[in-house]
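Below you will find the structure I want to go over with you.
So that you can tell them apart, the chains are marked A, B and C in the order they are listed, and the count of residues begins at 1 in each.
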Amino acid sequence: MAEQSFDFQKNVDTALADTQLRANFAYAMSTLYQKRKAVFADKAETERLREIGNAVRQRALSKLPELLEKLEKKCTENGIQVHWAETTDEANRIILDIMNRHDAKRMAKGKSMVSEEMHLNKFLEEHGKEVMETDLGEYIIQLAGETPSHIIVPAVHKNKDQIARLFHEKIPGAPYTEKVEELNALARKTLREKFQHADIGLSGVNMAVAETGTLCLVENEGNGRMCTTVPPVHVAVMGLEKVVEKLSDVPPVLRLLTGSATGQIITTYFNMITTPRKPGEKDGPKEVHLVILDNGRSTILRDPELRQTLQCIRCGTCLNHCPVYTRIGGHAYGFVYPGPIGKILTPQMEGLEKTGGIVSASSLCNACEEVCPVKIPIPELIRRMRNESYDPKGTVSGHGYKWNLPEVLIWKAWALANRYPKLNELALKAGGLFGNRFPKIGPLRQWTRVRTAPRLSGKSLHEMVKAEGVDHE
Amino acid sequence: MDKRYPDKPDTVYFFGTCLVDAVYPEAGMAAIRLLQREGVRVVFPQNQSCCGQPAYNSGFPDEARAVARQQLDTFTRDYPIVVPSGSCAGMMKRHYPMLFAHDRDLNRIRAFSNRIFELTEFLVHSLKIELEDRGDPIHVTWHSSCHAAREMGVTEDSKYLVRQLQHVTLTELEKERECCGFGGTFAVKQPAISAAMVTDKIADIRSTGAARVLSGDCGCLMNITGAMEHGGVGIRGQHIAEFLWERTNG
Amino acid sequence: MSESARERIFSKLRPAVAAGRFDIPSPEPPPRPEWTRSEKVEKLKALMEAVRSEVHVVKADAWTDALKALARRRGFKTLLYAPGTPVGDAVKQAWSEGSGGLPALRTYEGTIENYKDTLFHDTDVGITSTRGGIAESGALILWPDAAEPRLMSLIPPIHIAVLEADKIYGTFIEAMEAMAWPEQMPTNALLISGPSKTADIEMTLAFGVHGPKELIVFILEP
């Protein structure tokens, strides 16, 4: 990933200049937008469901230590081995240890954003392991040597011509075809082979149920079921916030997740795993491991406002509805989680000084908040990130990194002018004197790149109402 | 969204907004005249300035609070406060209680926020205004600011007023709920993204075939008309108050 | 290392939660639809067909005839079934009454470790029972077990599932309650709504990317 040389502005310019990329995103996002709209047509019911989603997630967070302990206890009773990792490095090592213990060389991997957060593939490959992504989108970007550009549809930035060329070049013996059915068939053939010979399967976790120790996975392709059923060992990785209290919390969250992510009432498969293969059973992994990752989440939980970030169920609908994301795509954000949720999650995980640039990339249009299935007030939290950027006494890592005297003074002067009407009048008068011939520097230069400059009126409304004799009491 | 509207009052406050004050005062005057024509006394306190949103959205909450307090201390009587902007109204109605969440005066601030109304919703629901169109036929489209749509929920009220005018044809934008790329300081902090957004918005506006684009928010108007002018697009932008006054006063 | 990581994590989580300030709403649960059996059948059928499942509503005493007719028409070559289950036994019985033109019956021999090759490369169709269905979501409920292993419904290119109309529940939550899921979660519980699919290439829907290319459902009416 781009951690070292992360230059958001450069990424933005590159993305905006790529007309193919913009067309790919515009098409895909409007498709997902329409599909969600169709499945959540009943406004009142949708609102109720979102309220339930919010309650389920908040309740889980409010009892997080208790629920995680219960999850651990239940899983252990069920025969699932639970591991705790405070950092991504610890999580990677736990998984490598499990592989080494089984002398496992080949991993078949289902879709997992946490594993992306861990950069697991790179880590394992550096240790001589073969990692095969099996979700079609993840497979495509793995072949291309890229990272996901979307939480749900990782290869959404590529069109079928690009994928056709990629498959032809990278899959031995693959003929060139632009037919989607044939491209899928190529992937099926290649990956079925991999499932059959994998020594270990890896998956993410969409929800873990504390009450029963059950790991829930949502998918359409069946690769998740393959990874969690065919190889003799299954490792699931989850962020520690993904727990829910009870089995009865699952149906509303599932409904919200599939509806928000892809506009489906339900996905093809909802896979609930509670135990490894039991005696007498013919398939399923003999060992199941659950790796629970913190990576900064426990710190986020401390702040009553910021902890709402942890309500996220990773549906990606805020990306699909974001006017900024749909234009610059996921890679521009430079880190694993793009779009509106990325703007609040990434700085908390990676530090504002490194990632703060993305926080300015929001018009605060509130489209994300309107559709978030668990009602995370994303615009409020973006504002909070902006406050933290300038606040030397903030709490988010890297807070105050943007503090600078000129900008602080400008806002102080602005506040002063708007608190003392005489000053404001004077400022406007000064503006009027310049006769709209401000030099086009600073903000005005940016503004006038594609716009004419605003023309100050000769007379302010304050003056006009006075002249018209409007009451002022 | 809980919405309660007062019956037609004798007196209202008018909060002009900083942008109307400096760049679009005619829109403010038109709004005042519309209110007055309905028999309502309009009070415009001279100590008013800005709702505080620019600082609030830019990472300077203390400065935003200082400026917000200026308005709280200025609009002290319990008249409804009419605002010719969905965005500024949203700031004062939805965000002041959050901005002052830890303030001793929170109850007073909540009461203030409850008195905030966006112009078109107030004309429709409290004044039950009936408009008689005296203008020539014209084809227009409507641009809703994000905050008018999502914080104030007044888009339908605004369009209802336009539709009352019998010689006016209204064609809606294909992506009416998508941001135009203004976003206050966003437009200058992320100029390239903002430019991409306003370019798409203008394409949407052009494809309606409308001769004029109306809006209830001057920030969006400044962005859209500035970009149209820069790009040589011959479509005029106008604040709804000015348009309504122009069509019905003659 | 793992043990101390656990302690470190909990030592941060506990005070974070103890500080409180959660504002948890208490919304009403969603209404439960009151559908008759035939409404539930219709609803489930419509939703499953919309995601390209093939659904046949048949009389319970004639379902194997319908299966045989379908198998002959489609020219299936091999059929993996689960002996010792009601569905499996019915298949075996039906085949014993005349199997001309029918696929050869297969059973899951041994465990996946030694059955993998046959399962992946030489099995056309897998037939399984279901625990029920969910009308509101258009999904089947499967609880694979020792008799009916998990991969029977995943590896063969065609999955046939048998569902009793009486076991279609209105909603997922009703199914959970009626079957007391919290007390008896199986190794693996599945909801299945259609054949395997993806839209990862240009949002174009394509079926059978990893799992079955076809899902055929027999709904048995009394």
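As a convention for this text, a residue touches a chain if its C-beta (ideal position, glycine included) is under 8 Å from a C-beta of that chain, and two chains touch if they have at least 3 such contacts.
Note that this is a predicted model, so its numbers are computed, not measured.
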Distance-to-centre winner among chains (Cα means, whole assembly as reference): A
Chain-chain pair with the highest tally of contacting C-beta pairs: A-C
Whole-Å separation of chain centres (CA-atom averages), subunit A against subunit B: 33
Separation of subunit B from subunit C, taking each centre as the mean of its C-alpha atoms, in whole Å: 53
Contacting residues of subunit B [partner subunit A, same complex]: 14, 16, 18, 20-26, 28-29, 32, 41-50, 52, 54-61, 63, 66-67, 69-70, 77, 98, 146-147, 150-151, 177-179, 181-200, 222-223, 226-227, 229-231
Of subunit C, residues touching subunit A in the complex: 1-3, 5-6, 8-10, 12-17, 19-30, 47, 51, 108, 110-113, 115-116, 120, 134, 136-139, 145-146, 149-151, 154, 171-173, 176, 181-182, 185-204, 206, 208-212
Subunit A residues touching subunit C - in the complex, by the definition given at the top: 24, 27-28, 31-32, 45, 48-49, 51-52, 54-55, 58-59, 61-65, 68-69, 83-86, 90, 93-94, 134-137, 140, 153-156, 159-160, 163, 180-181, 183-184, 187-188, 191-192, 195-196, 211-214, 220-223, 225-226, 229-230, 232, 240, 246-248, 250-252, 254-255, 262, 264-278, 280-284, 292, 294, 298-299, 301-302, 304, 307
Complex interface listing, subunit A residues touching subunit B: 12-13, 16, 22, 323-324, 327-328, 360-367, 369-370, 380, 383, 386-391, 402, 408, 411-412, 414-415, 417-419, 421, 424, 428, 431, 443-444, 446-457, 459-466, 468, 470-473
